[in-house]
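Below you'll find the structures, each written out as structure tokens.
Next come two complexes built around subunit A: one with subunit B, the other with subunit C.
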Partner chain A sequence: MTSKKQDELKYVGKSVSRIDEMDKVSGAARYADDLEFGPNLLFAEIVESTQAHALIKSIDTSAAEKEEGVVRVFTGKDFPGLRFGLYMQDRYVFAQNRVRFVGEQVAAVVARCPKAAKRAAALVKVEYEPLPAVLNQMNALNSDCNLVHEKLGEYSHVPWFFPKAGTNIAHWRKVRKGDISNAFQEADFILEDTYNVPRYAHCAIEPHVATALFDHAGRITVWASSQSPYTQRHLFAECLAPLGITHKDVRVIAPYVGGGFGGKAGVTMEILAVVLATKLKGMPVKVRWSREQEFYNTYQRLGVVAKVKMGVKSDGTIVALDHKIHWDAGAYVEYGANVVNAAGLSASGPYNIPHISIDSMCIYTNLPPGGAYRGFGYSECLFGIESHIDRIARHLKIDPVEMRRKNAIRTGDILPYGSHMNPSGLVECIDKVAAEIEWGKKEMSKDPTKFIGKGFALFWKAPAMPPNASSSAFLKFNEDASMNILVSAMEIGQGFLTAMAQIAAEVLQVPPHKIRVETPDTDRNPYEWQTVASHITWGTGNAVRRAALDAKQQILEQVARVHHYLADDMYLDNEMVKCKQEPAFALPLKNFVITGLAMEDGTYRGGPIIGRGTFMPEFSSALSDPETSQGGHPNVHYTVGAAALTLEVDKETGKMRVLKAVEALDAGKVINPDMAKGQLVGGLLQGLATVLYEDMRYNESGKLLNPNFTDYKIPTCKDVPLEIVPILVEVPQPDGPFGARGIGEHTMLPAAPMIANAVHDAVGVRIVSMPVTAEKVALAILQSEANHTARGAHS
Partner chain B sequence: MKVRFQLNNEKRSLDVEPNDVLFDVLRDKIGLKSPKCGCDRGDCGACSILLNGKSVRSCLVLAAEIEGANIVTVEGIGQTDLSPVQKAFLDKNAFQCGYCAPGMIIAATELLEHNKHPNAHEVREALSGNLCRCTGYTPIIEAVCQARGRKS
Partner chain C sequence: MPIAHEYEYLKPTSVAEAVDILSRFENNVRCLAGGTDLIVHLKENVVRPAAVVDIKAIPELSGIKMQGNELRIGALVTFSEIIHSAEIKKHFPVLVEAAETVASVGVRNRATLVGNICSAVPSLDAAPVLLIYDAQVVVRGKNGERSISIHDWFTGPKKTSKAADELVTHVIVNKPLEKHAAAYVKLGRYRGEDLAQAGVAVMLTDNKNYRIATCALGPIAKRAPKVEAALNSHTPSKKTFEDAAKFILSEISPITDIRASKEYREHMAVVMTRRALEAAMARLLGKTVDVASILGG
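This part shows the complex of A and B:
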């Protein structure tokens, strides 16, 4: 018999230390900009549009070309008609005859050193003929508004997008459940309001960088800071197909990534290095974004104007929701349209509502392209929904937490698009958070100018992925029974490599620190869709588990051939094969996983153990009725949670301080508690930053005014809540590895509404536009006092 | 122009241009990659190094200024064994993507060099010039508090 219980896990669920830790504290970790390319390396500087919307009349590159050290200067004419896009091919590699946002790439100067490239780029003269620019998505909907893309109807896109040619609507996701037209008549109380969410920047500390080499043999290699090496390879191959380049000729290598948050998903600036390299055979070309470019020419989080109409019974039961979400998707929506799609499908929030109408509209504007950002549209929608719940509960004099518990979606409930909710610990999360924050207990500040309030919010999110997004893994044993696992999902800080090592370690009973998990190289590592959507612990984790099971089966079969035990009687323990029937039998893995097993006649049996595993969610489908979204199964599962905080508000200045924050998540099965808590604490602060500090400001010409860390304030050490309590709930995901599901993005989702709700609880004002700054709170308090005084004067 | 300096316990001399920035020289001419570029204007602290024992942003220092200086990067801190700060960073998982870690370790090393027992407030103050987008800072503050008072 095995000495341990069947269900006892040795490595999964344990806070084993990170397998990338020595790399990262010793300075050894290599990021894309740290790689050496030798003396032939070229540097590209990009000339950018100064106009939000204009025709390019002429480009004069003659002065730039004469500058010492300059190799070539390129414009859109060198890359005619070259477009790309993940979900919709609407984006131009270089602007053709027209620019659509301030910062769009118009020309490139390639030089022997960065200084020369920069100097020469300033000499490129571009003459523009300005066109009317639309900088606001609500204006873009006006019938007389100029079109950002006249050829919208011609762009290719995934089958689940519904662009409206002849308008600025690039995609319109409609969800209809129940009978919305009559539902509001059943309601005892209806609340309608509009919520505004601005654009946000990811602010990974590592800027984007990509180096591409088109060698003399005709193959192209790209080294990039990337969440999506395979998706990039595919888009590069598609883009370069006219040159006769096929997928096998494109190689993407992604070393450690210095923070992603969605910003390094898909393809953005990397394609510039690729196309420039195709014109400069044999010379690696590097494109490195400055912090400014990082702000205005990568994806930004989309801005939102959300109109929420909710109808409830007097006991707090939600009967109807009409949610109209207008997304400012920017000049190109090739990735951002999927944010609109995903958030639209789930814009009910984690509630069981019988009658739903959701219109999620992806709208072109002349602002930088919107795209993936940790949370993928859910934060934006939850600000309105969770603020609304609070307001309705207070109006009905029901406890807001009680109202949430009453309406919370439960296992098996029908989702807005008709399929069923997965196993969920949402109610457990609510109860644990309410207990930890001492919900209902009013706290008072000793300072008479300060007031303390509490805010609560629920959240959920599903991975937004195509139905056939898949993951795969190779697992190779080494002579000493250590192993290398090859996957193409990415370590972006979340601890992915360690989690995969733990999963394989559990199956093969080899300690995680004998396992290396390699960062992606599309020549060597097998396919992965992308490191996005909080899906890789689940999806890639499943592939790694299957690869480990495959290896295990080979190991047991090999030993069975030689020792004639039944494979079913053998098991792995402590890096050895053991046999239930023969307690004395203990064969170390290192004795045979490469060399095979020796026979008496000097021959060997078996040989190198190489496991393979793949995973695709075969039940998923994005096809449904375009008018209702009913009929498909677009989301694989939801991760749910609840959060609350205690906030101190200074009534004179509006200044806020988070005294305590509590967040509970249902992780299904926590693979590594320390790393999961690290995600929770880090993500929560990133969420709090969007509501308390950050905000992208544009002027009336569409130029971003704060593209740097001086004017766009991300939190520092001094902005951390005084206390954060992470809570991990485990209701297993049936198809997850050991029951796990993802939690990375979810951690930041509840931040904005719980701040707005806590502000209201503390000082009685309701802020409906993010960010909730001290200035806004102070002005709202003044306004509320003025209203009060005026009412007093009239009575 | 030629500059002579000490780098990670080794005497070095190097030809630099008057407008060369120390950050670029360390990375591109010397090959030390632990200082990272996050902003190129002194906002983020990812390129921090110790210059005569003080934590400075190498993107704001001209290479011509380092004549006679003593420079230490993270490669130099952990040359023989990990320092107490580095060990505490491991214990507390005080990094995720790791990009800010070299700069954080430099800032924390400087703090503990001058203040053996900083309280949490002093730790926050000392690290407030180094940005991290992943961890939420909590484990970094805990790591520095753990490292305080330990001799290397």
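This part shows the complex of A and C:
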């Protein structure tokens, strides 16, 4: 008998090559902008606000309407009161009588060709009456500050948001654990400081594209570059409900996506194609963002001013944390407010701290809307926390890694909001990283102007999802026992399709390359919440596993009916059904998964095998005490990790080079090691870019100064660290498919503080505002030398 | 992004024809060679010329020629052609060094050196090297040909001394007769392609002559005669370089912009001048220096 051992995995945990590799390398993969729509296709050009905050006095479209090729010109008046939003409905499809950020959509020209649309859009005259704009979240908190949304109190929102009507505070997440009022008295040392993190852009290589068709039968189809086809369908249906459109009338088709990073989650510009199409029956309307629009009118990562106060015992035990996080959430916070919420719940960092006070405030400003961005608020908070730990450890003359190990959260510890920490390999990650980076071993450069330092950081993140975020899967066999899996999570480069094929392959013992998994059409593929939160390997993976188990059960029952073996005695192996009691029995799946099994009388039993699986984390709840956040179970689990790097700093120029970077994270179970390592390297690079050079810069009128790659820098192959060591730890997640949990976002989380910590280790200056550019480091060194000289002169 | 602006597209086959078109449209015309600036500007409606003159069909404008000590670089010569020219690599390696810092491979395959100097942006990488070689820009207009010294070429940010009806046909660079070495050091925000936050080119000769030029440190790229004076006839040494480099501050007038602050530019101008001199000195002694790593990072 050649049956394999029960616990030995054949496809999961193996570096199977991507099932979409030929699509990608041959150019067969089609993206939203590649699709053809025939001669009726219309193109929309958006007229944008030039003001950060203003009343619209008048819009004159007459000249634009006369331009050759123009079909129609639309303004906010054509879509009165139309709002949308994922967690809070505060975003206007077209500005009504007021604009709230530079770049906001004010009008649209729809024409037969893109050139005509662009020409005509330049002819639309908008007259504004400027209002005072608030461009900084701290100013927005002043009692005399203009309100960005006067009707905040009227907006509908999810029950776990707490907007403060009459202020610019769209949501205030408060977390209280232990007794913060007395805790700092127990501390031997208290460090307080403020950390600044600017806004960031996703910079997916493919810009947003959406084409919508409202056909003569009254149904609307949208082709979009999307991370969230089902959530988009739902938001479109909600927004279009006044037109009598229901969910079954809305169909979203999402082809391959050229990068997401959170920017294509929820709904942003896609709504424009949709509403314009409703006015132009029978003609598809396409909206394609330019690179500039990609920067200023999708989502941006929120800016942060974080005040961290941490109290510790002299042995390094953290006793208290008071963390006040002020988020610059922009003009509309329909998605961004949940970043504030999620990060606020976890703003302790991966530490077991008895007394915690966290205030995470979502603040309206007249800057572009903030929203989902890989890391969902955790990078921003970890910059302060992990810098702080380093500074405290050095002050106490304790090894920073030892201090982290001492306070690291462990399985079963009480989380800031009262529930328990899931199984965690955090300490194993710390130890492996410390060993690999040779922590404690000082390295010296041969060049007298260069200094080498090491920086360490821990990280964690939980998926930020509504408690009922669900995934589902259909699995259907073909005649040759190959199969198609239908899911609606998105392949956005991370290798999702392959991971799902591996999970089903393992359950059904069919090779992954006999499994086709494709991007979805909401008419055909079953429900998925969104491809965000690093949850789909876990959530959709569970649904696929259940669909495969469902199919397996059908297979065994079908065979049992005909061959009369007990279903429990049979197993799947090498695309065949086998029986433990009857070694000679080996029935190929292809003999019956479509055709059924033939009986002696010429009739058949069974029929096509179609598996279905769904998954919802039924233990999750977002309800808790608004004053403390105690009482709920808002997060399904955390993925944890540790990272370190060796940094060479030129003391005169401030220029930095990462000589070696090491990152370990606890994936629970790695589905595909090569893809996981690839994602780790990519995410780490993205994180290093946010700390070393990326930075969105606005002028005093709220206009973005660098909506381009000339002055917004993302890494090239020349900027990759000389060495990157990925380490994958596996402490299984009990409710994950084969023990897996997500790792996608986490890979970039430790980058910023470990650079800041390494800079300090190398040259002795502490940078508390991102990005930590060469310029900032050089000027800080000069300043510190000047201070030193001045002190010397006085003494 | 479409080009919504409408213009006349003309493709002359001779310099005379091109000059004729330029004078016909006066200031309302643009030349197209590599197009790496022009096409982007047309898409963004930054320029709206009545006509675009595509000069790529004029044979006389192409090619790199070395005759004696004189190098001729035609108006159509791209940065990639410069990088791959064995003669330039042999006689003017610092020109290759500067060309390699321009944008990315894809852009360098189209962008021309002459287009770069015609753009006359303060950050142009081609300028400091042409300045230390005392290059000549040769233009032809209605009134015939004239040669403009590179020192007189830049008249302000994005402004040159070329008349509207003149076409640059080529640039002449002469190889110094004495033994010499040079370096171009560029400050960028990362290792990938970037516009210069600051650029410094230096040359020193066996008989203690020094030439220093900068870009992105003032409204135009220019030589730094005070630094040169502090160095000339002095024996190269770390101390000499350190003392002289400080004079760069009286030669530059950097601003604070999105790429760098005035303060950092001033600090770096001194560091870069010193390190560029040290690099050139090392080269003069026959050592190999990787300028891409000279500032760290």
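Assume the second predicted complex is superposed on the first by the 793 of 795 C-alpha atoms of A that agree within 3 Å, B and C clash if a C-alpha of one lies under 4 Å from a C-alpha of the other, contacts with A are read in each partner's own complex, and residues count from 1 in each chain.
Note that in this section a contact is a pair of C-beta atoms (placed from the backbone, for glycine too) under 8 Å apart; a residue touches a chain by one contact, two chains touch by 3 or more.
Model, not experiment: these values are computed from the prediction.
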Which of subunit B and subunit C A:Ser290 touches, first, second, both or neither
both
For A:Gly495, decide between first (touching subunit B), second (touching subunit C), both and neither.
first
Report for A:Cys203: first if it touches subunit B alone, second if subunit C alone, otherwise both or neither.
first
If you stack the two complexes on chain A, which partner ends up touching A:Lys118: first (subunit B), second (subunit C), both, or neither?
second
After superposition on the shared chain, which partner residues are touched by A:Asp674: those of subunit B (first), subunit C (second), both, or neither?
first
Which partner reaches more residues of subunit A, subunit B or subunit C?
B
Have a look at where A:Thr773 lands relative to subunit B and subunit C in the superposition and call it first, second, both or neither.
second
Quick check on the superposed pair: does A:Thr716 touch subunit B, subunit C, both, or neither? Answer first, second, both or neither.
both
List the residues of subunit A that touch subunit B in one complex and subunit C in the other.
290, 710, 715-716, 718
Mind listing the subunit B positions that touch subunit A in their complex?
27, 31-34, 36-41, 43-44, 46, 73-75, 78, 82, 86, 89-90, 93, 95-102, 105, 123-125, 127-141
So in the complex, the part of subunit A that touches subunit C is made up of which residues?
113-116, 118-119, 122, 290, 449-450, 648-650, 652-653, 655-657, 692-693, 697, 705-706, 710-711, 713, 715-716, 718-719, 773-775, 778-779, 782
So, in the complex, the side of subunit A touching subunit B is made of residues 17-18, 20-27, 29-31, 33-34, 36, 202-207, 256-261, 290-291, 491-495, 674-675, 678, 681-686, 708-710, 714-718, 720, 724
Residues of subunit C that touch subunit A when the two form their complex
1-4, 45, 104, 187, 189-195, 258-261, 263-264, 267-268, 271, 295-297
